[in-house]
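One chain, chain A, links the two complexes that follow: it is found with chain B in the first and with chain C in the second.
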Partner chain A sequence: MYRYDDFDRQLVHERTEQFREQVKRRLAGDITEEQFRPLRLMNGVYLQLHAYMLRVAVPYGTLRADQLRQLGMIARVYDKGYGHFTTRQNIQYNWPKLDEIPDALLDLAKVEMHAIQTSGNCIRNTTTDQYAGAAADEIEDPRPYCELIRQWSTFHPEFTYLPRKFKIAVTGSPNDRAAVKVHDIGLRMHQNDAGETGFEVIVGGGLGRTPFVGKTIRDFIGKNDLFSYLEAILRVYNRFGRRDNKYKARIKILVHEEGIDKIRELVEEEWSQIKDGSLRVDDAEIAHYIEQFAPPAFETLADDDADFERHKAENRRFANWVRSNVIEHKQPGYAIANVSLKPIGGIPGDATDTQMELVADLSEKYSFGDVRVTHEQNLVLPHVKKADLFALWTALDADNLGTANLGYVTDIISCPGLDYCALATARSIPLSQRISERFSDLDHQHDIGELKIKISGCINACGHHHVGHIGILGLDKRGKEFYQITLGGDASQDASIGKIAGAGFSEAEVVDAIESLVTKYIDIRDGGERFIDTYRRVGMDPFKEVLYGDR
Partner chain B sequence: MSLQVVTANRLDDGLVVFLTSDGSWSENINDARTAEGKEAAEALLAEASAPELDIVIVGPYLIDVEQQGSDLVPTKYREVLRTKGPSVREDLGYQAV
Partner chain C sequence: MAIVKNDSLIEQEWITVDAEGDLPSSDENLIVPLERFKEERDSLLGRNGGLGVQLNPGDAPEDLAEDLDRLSIITVNFPAYTDGRGYSYGRVLRERMGFTGELRAVGDVLRDQILYMHRCGFDSYDLKVEGEVALNKVRAALKEVSVYYQPTGDGRVTAQSLRERRRAALQ
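== the complex of A and B ==
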């Protein structure tokens, strides 16, 4: 895994000390809130409903054991014993005190972590496939490129005051687990006709109040040219992106208003002037970063393990966990283990201090000290020997981390909603809890199969509802929470934006409404169809009918 | 006539507070000074927005409340949550005390 060099270390320490001084001046009254607000936001400090919130960056969702352990310590010392993993693969703390945050940032810096690029109109923390470097279906590990993007984008002087925030996601696999088509820029690794590996560049995707699936601006860019090409896109956006209206300031609006052909023309023109400059990264430098993410020292193993098979046969709960939460690894004899942060009736993405410490310990014992955060708000131990899976699951299960529901109807993405967020218009978490409880029967979940429910508590769509197979948007209707349902969204390589089914439902009605949709799907599905497949085959009408009848 | 109080977040720890009769800030909404009518509400907000309070609180604003027995209760659910804490964690926030 990437380790900080002296430059990174100095950068983060200087930033931490600067923020300590800024907080001191704010508390002494030397600067006003108006002056301080942009400074705190550049350090991941928001003011939410009940208290400050600190958002900590987890670059491309990759954590070392010592880092996750430190996140647990920070939850205990500076917060109320828990943290919330987000759809940006980051972690948020809900109760830090402003006067203690500089110390928390210093403790983060000790393990090479920080809150840079978690807020403000800059290029945000880059996200990627949580199975990077482990997935059997991957062309190449995307993280070396993510790390290069991080270095290029961190404190980029030209792109610190963009029209609006800017999010980049990368997938190294044709099976997109990073939702790259709904980011400002999505990079999809693939090979061209000459057999070279590079990236399709997708631009102008996004969720929020105006959702779009991104459009391909270039089918193939070679690795050496990737960074100058990104720079060219950002320059065009920085110059032409709308600054007159916050709600029209994202690049998706620029792409939509000007058209992808016009944007491509502008980007190519800009790129032609800078492509041979200092941003061209040569093979040796790329090789240096690939080396940083070299695979761990895997043992040479047979792919089957007799004990593993025996445990599966003897223990139904373990077998169920393997069925949903264990994914094929590229290395024979190893597997990818997903740690669900969605216990039945729990709060999606929340983990306690001791749970974080336990996963850190288990990652050292079983997964080369490597942990991932997923945009679906779960954790991953990416490199576990099949022979160790039973021991791992037993330890996880003892701390309520062994839920067997990855990708099922109870594996719900939910934003914090009105329970925590100052922007929210309705609560999301209680609804996710009630849906989870309604579908708690595991046999029923197996029968339903893959079904992605995503819930946002306002139109900013942090809960990705637009790309939920079933999306739920919480709104405020004359002082009461009500929920709008969208169907047919998809965040994968077949990305699509869900369509609004019709009028919203009250808090009391909405769980029944979701259940009626699921029941309808079971009634009308063809063999092997997932909910999204059935929806695509039959369209909205049959589902609309169960929701509204003659209404 | 609608009844209003001023709320804000405290600068140092970020917690929710309410402007009281003696000009201090309380964590308990029942300590809040109420204003009835537009003029009184504007005066209350003006007091809370005094520049010298910028080192005490952040973002003061008016909320509608109702007198329910001896309690002041916000009319909007968002503000009810701020007086209590997250509905999904009753062990946290003011409701836990």
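== the complex of A and C ==
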């Protein structure tokens, strides 16, 4: 894992001091809330419904044990004993006090963490595959490039006041777990005809009130040229992106209005002028970063483990957890263990201080001190010996972290919604809890199979409802919450934007509506079809019928 | 209200004129908006006083390619600090087009953006505060951070270059 060197450390410490100074100026009244706003936003401090909220960056979703332990400590000392993992692989604290935030940032800096650029119209935290460096289907570990992007984008002097926020996601696997097609820039590693590994560059994807699947601006860019190419895209966006209307300011609108061909022409023209400049990264430097993310010291093991098999045979709950939450590892004898933060009836993505500390301890014991945060709001221990899985699960399960539902109908993405967020038009957490309770039966969940429900409490779509197999958007109609259902969304390599099924449902009706959709799917599915496959085969009509009948 | 350049307060020696209307006498130093410069280029270049151009958001610095050596100053207007187009104009003017005259940030120029402006090639700042206060703000802003990841044309050594030097020294 990447360790800060003295340069990285110094930068974060200077930033912490700078922010302390800015807070002091704000509290003294030297700057107005209006002037303070962009400064606090650049440090991840939002003003929510009830309090300030601090969003801490987890660069490319990778945490060391000591970092996760510190996040737990911060939850206890500066918050009410919990934190919320987000769809951007970050963590949010909902109740910090403004005058204490500089101290919290200092505590973060001690473990090489920060809240830089987790908000504001700048390049945000770069996200990637939570199984990076572990996945059996990976072409190459994307994290060295993510770290280089982190550095390139941190306090980029030219791109700190963009038209709007800017999100980059990277996948090193053909099976896209990072939703790269719905980001401002998506990078997909692949090999060209010459056998070199590089990136397909996808631009202009995004969710929000105007969702788009991104378009390919360049089929292949070599690793050495990646950063000059990113800079060219950002410069074109900074110069030509719309600034007259905040809702039309993302790069997806520029791409949509000008057309991908025009944008490609501008970017290529810009790139041709800078590609041989100082952003070209040579092989030696890339090798240096690859070295930083070298695989841990795996033991040479047989892929099968007799004890593991025996525990599965003897303990049905463990076997269920393995079935849903354990993923194939590239190294024989090892597995990827997903820690669900979606207990039945729980708040998606929330973890308590002690849960964070437990996972930190377990990662040291079983996973080389390596923990990942997923954009689906779960945690991952990426390198666990199969022989250790039972002990791991037993410890997780004792603290309500052993839920066996990864990818199932109760593994719901949900934004904080009206319980916290100043932008929300409806609550999303209570709805996710009720859906989770409705489908609590594990055998039923397993029978339903992969079904991604994603809930947003407003049109800004932080809960990714547009790319949920079933998406739910909470709106406000004359002071009452109601929920619009979309079907057929997908964030994977087969990305698609869901279609609105019809009129929205009241809070009382919506869980029944979801259940009727699931029942219909079970009735008409073909063989091993997932919900999304069935929807793609039969289309909207059969589902519309169960929702609305003749209405 | 106060202009800071090269760690000093400097006098305002330029008159910034609007896109339309009469021009002051031929001896005065003028800054004209790019649009007007394009329309009245020849007569403007024929005046006795110094000449500068102001870029507003949406302008193309490339339009000045033929005339850069005739301009003593280019001002880039940041009508709101949130409008960051001027940062790109600064880098294009300095790093691509090779402009060596004064590059001044005007408009909503605040302390917390000055370092970024400097990194993008600006060397003077028109602040809305008085004398010493302005000077102190610029000084404080420019020394707040000492680690730079991005290579720009400002001459600051990046963290990457320092790392390479260190690795080379160890070999």
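List of remarks:
Please note the rule applied: the second predicted complex is superposed on the first by the 551 of 551 C-alpha atoms of A that agree within 3 Å, B and C clash if a C-alpha of one lies under 4 Å from a C-alpha of the other, contacts with A are read in each partner's own complex, and residues count from 1 in each chain.
Keep in mind that, in the parts below, contacts are C-beta pairs under 8 Å (C-beta built on N, C-alpha and C of every residue); 3 or more make two chains touch, one makes a residue touch a chain.
Please read all numbers here as calculations on a predicted model, not as lab measurements.
In the three-chain model built by superposing on chain A, chain B fits alongside chain C with no clash. In the overlay built on the shared chain, the residue A:A28 is in contact with chain B alone; chain C does not reach it. By the touch criterion stated above, A:F159 is placed in contact with chain C alone, chain B being left untouched. Of the two partner chains placed by the overlay, only chain C lies in contact with A:P38; chain B stays clear of it.
In the superposition on chain A, no contact is made by A:F212 with either chain B or chain C. Here the vertex is the CA centre of chain A, and the angle it makes with the centres of chain B and chain C is 80 degrees, a multiple of 10.
In the superposition on chain A, no contact is made by A:W393 with either chain B or chain C. Once chain A of one complex is fitted onto chain A of the other, the partner contacts of A:L11 are limited to chain C, with no touch recorded for chain B. Put simply, the nearest alpha carbons of chain B and chain C end up 20 Å apart when the two models share chain A. Across the superposed pair, chain B and chain C touch chain A at no common residue. Residues 57, 81-85, 87-88, 91, 96, 110, 112-113, 115-117, 119-120, 144-152, 159-160, 162-164 of chain C touch chain A in their complex.
Chain B meets chain A in the complex at residues 9, 11-16, 54-55, 58-59, 75-78, 81-82, 85-89, 92-93.
Residues of chain A that touch chain B in their complex: 26-29, 32-33, 47-52, 80, 95-99, 347, 418-420, 424, 427, 429-430, 433, 479-481. By the touch criterion given at the top, residues 5, 7-8, 10-11, 14-15, 18, 22, 35, 38-39, 121, 151-152, 154-162, 235, 238-239, 243, 273, 277-279, 285 of chain A touch chain C in their complex.
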